[in-house]
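A, B, C, D, E and F label the chains in the order they appear, each numbered from 1.
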Amino acid sequence: MSHMWLESLITENAQQGFELAMKLSRMGVKYTQPSDEVRGKLRSSYEENADSLIASSQVVAINFQTVAAANNYWRS
Amino acid sequence: MSHMWLESLITENAQQGFELAMKLSRMGVKYTQPSDEVRGKLRSSYEENADSLIASSQVVAINFQTVAAANNYWRS
Amino acid sequence: MSHMWLESLITENAQQGFELAMKLSRMGVKYTQPSDEVRGKLRSSYEENADSLIASSQVVAINFQTVAAANNYWRS
Amino acid sequence: MSHMWLESLITENAQQGFELAMKLSRMGVKYTQPSDEVRGKLRSSYEENADSLIASSQVVAINFQTVAAANNYWRS
Amino acid sequence: MSHMWLESLITENAQQGFELAMKLSRMGVKYTQPSDEVRGKLRSSYEENADSLIASSQVVAINFQTVAAANNYWRS
Amino acid sequence: MSHMWLESLITENAQQGFELAMKLSRMGVKYTQPSDEVRGKLRSSYEENADSLIASSQVVAINFQTVAAANNYWRS
């Protein structure tokens, strides 16, 4: 991908870190399926499927581990 | 998400940490499916499906790894 | 959950740590499905399903990572 | 489980560590389904199912992470 | 595989690290299914399957943990 | 398994480490299904199934985390 979308793993606080983990999870999908149109069609089905939502939450959890470690867990 | 729901990963004890891991797991779903109504409908099905419950428990386990590390495992 | 069920991640030895990992895995299910009756019904099906048992063992493995790290791997 | 089956996570070498990871994975199943008879029946089906075998290998991989860390990766 | 495709886990920045995680995930598939033709055929189906895309994103997330740790999270 | 197949987790470089992760993933299957014949039959089906290939790549990713950590990420 030619444009820069990930400048750093460092965030100001834990919630921003969680939101970065969301973004990483979505980008993992986008690199595999770059078409906005196809992803849009798929969204309407997986957003109403409990198992897909749980699986999505799992990917976020894994990425959040990475972001949290990068930020030393935002310990003050 | 505009309001603040995750102030810190630090909790007083291990059980509160586990409960924070539950919250993180649910928020991973909520970011993907923001509608309370849709999530409510899905809940009635996955709550009675053993494989969905095991998958949910797995997401909690992953998030608990993060929270536990953040708290240095609540070693006294 | 109002009562205290997780006092600490520290255990006397590795086997007790594994058993605590079992407990954490079950509690991850119980927080999502609090009804003893529903969980009891589900148990009879997943206990005889190989894939469900493998998935359960995976959740235990993830929680055991956390407990083992907390205990510094019970290195003497 | 009343008898002692896990004395330590420390092994002499990496291969014994891998074999301990196998054992941990099987014990995760056994704690959930204690009946030797039921597990024996299930084995004949999942042993010939590619996805079950891959899932089993994943549980071993997770447990091997724990055992390898405990042993400081058997670095000499 | 006889040619060299993985020189190092070190990358200049986080985004390149994410892209290396993508590559590692694809190579994990390629080692198991070396035929470009077969992988090409499969791609057209999994690229339009939401659950396959989420699963792919999960593999990337796991590999990104490794790459991020190798790079000390690109902390400046 | 009586013969020695895993002497060490240390490899000369990252690519050899990835290949060792492949081997660990396969051995996780082989310990559960020792028959070369049965595994050979299964291979022809999962090698042409996208989800099985993604799942295989995930096991490799998990084992690669272990091997990479053992080698201190081949940082020069």
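FYI, contacts are C-beta pairs under 8 Å (C-beta built on N, C-alpha and C of every residue); 3 or more make two chains touch, one makes a residue touch a chain.
All figures in this text were calculated on a predicted structure; none of them were measured in a lab.
Looking at chain D and chain F, no chain is in contact with each of them.
Both chain A and chain E are touched by no common chain. Counting every residue number used by either copy at the chain C-chain D contact, under half are found in both chains.
With each centre defined as the average position of its C-alpha atoms, the distance from chain B to chain F rounds to 31 Å.
Put simply, the C-alpha centre of chain B and that of chain C have 16 angstrom between them. Chain C and chain F have Cα centroids separated by 27 Å.
The multi-chain contact residues of chain F, meaning those touching 2 or more other chains, are 49, 51, 55-56, 58, 62, 65, 69.
Chain contacts in this assembly form a single closed ring in which each chain touches exactly two others. Round the ring, from chain B by way of chain C, the chains line up as B, C, D, F, E, A. Residue ranges of chain F in contact with chain D, taken from their complex: 1, 4-10, 24-29, 31-33, 38-39, 42-43, 45-46, 49, 51-52, 55-56, 58-59, 62-63, 65-66, 69-70.
The residues of chain D lying in touch with chain F in their complex are 13-15, 18-19, 22, 47-51, 53-58, 60-62, 64-65, 68-69, 73-75.
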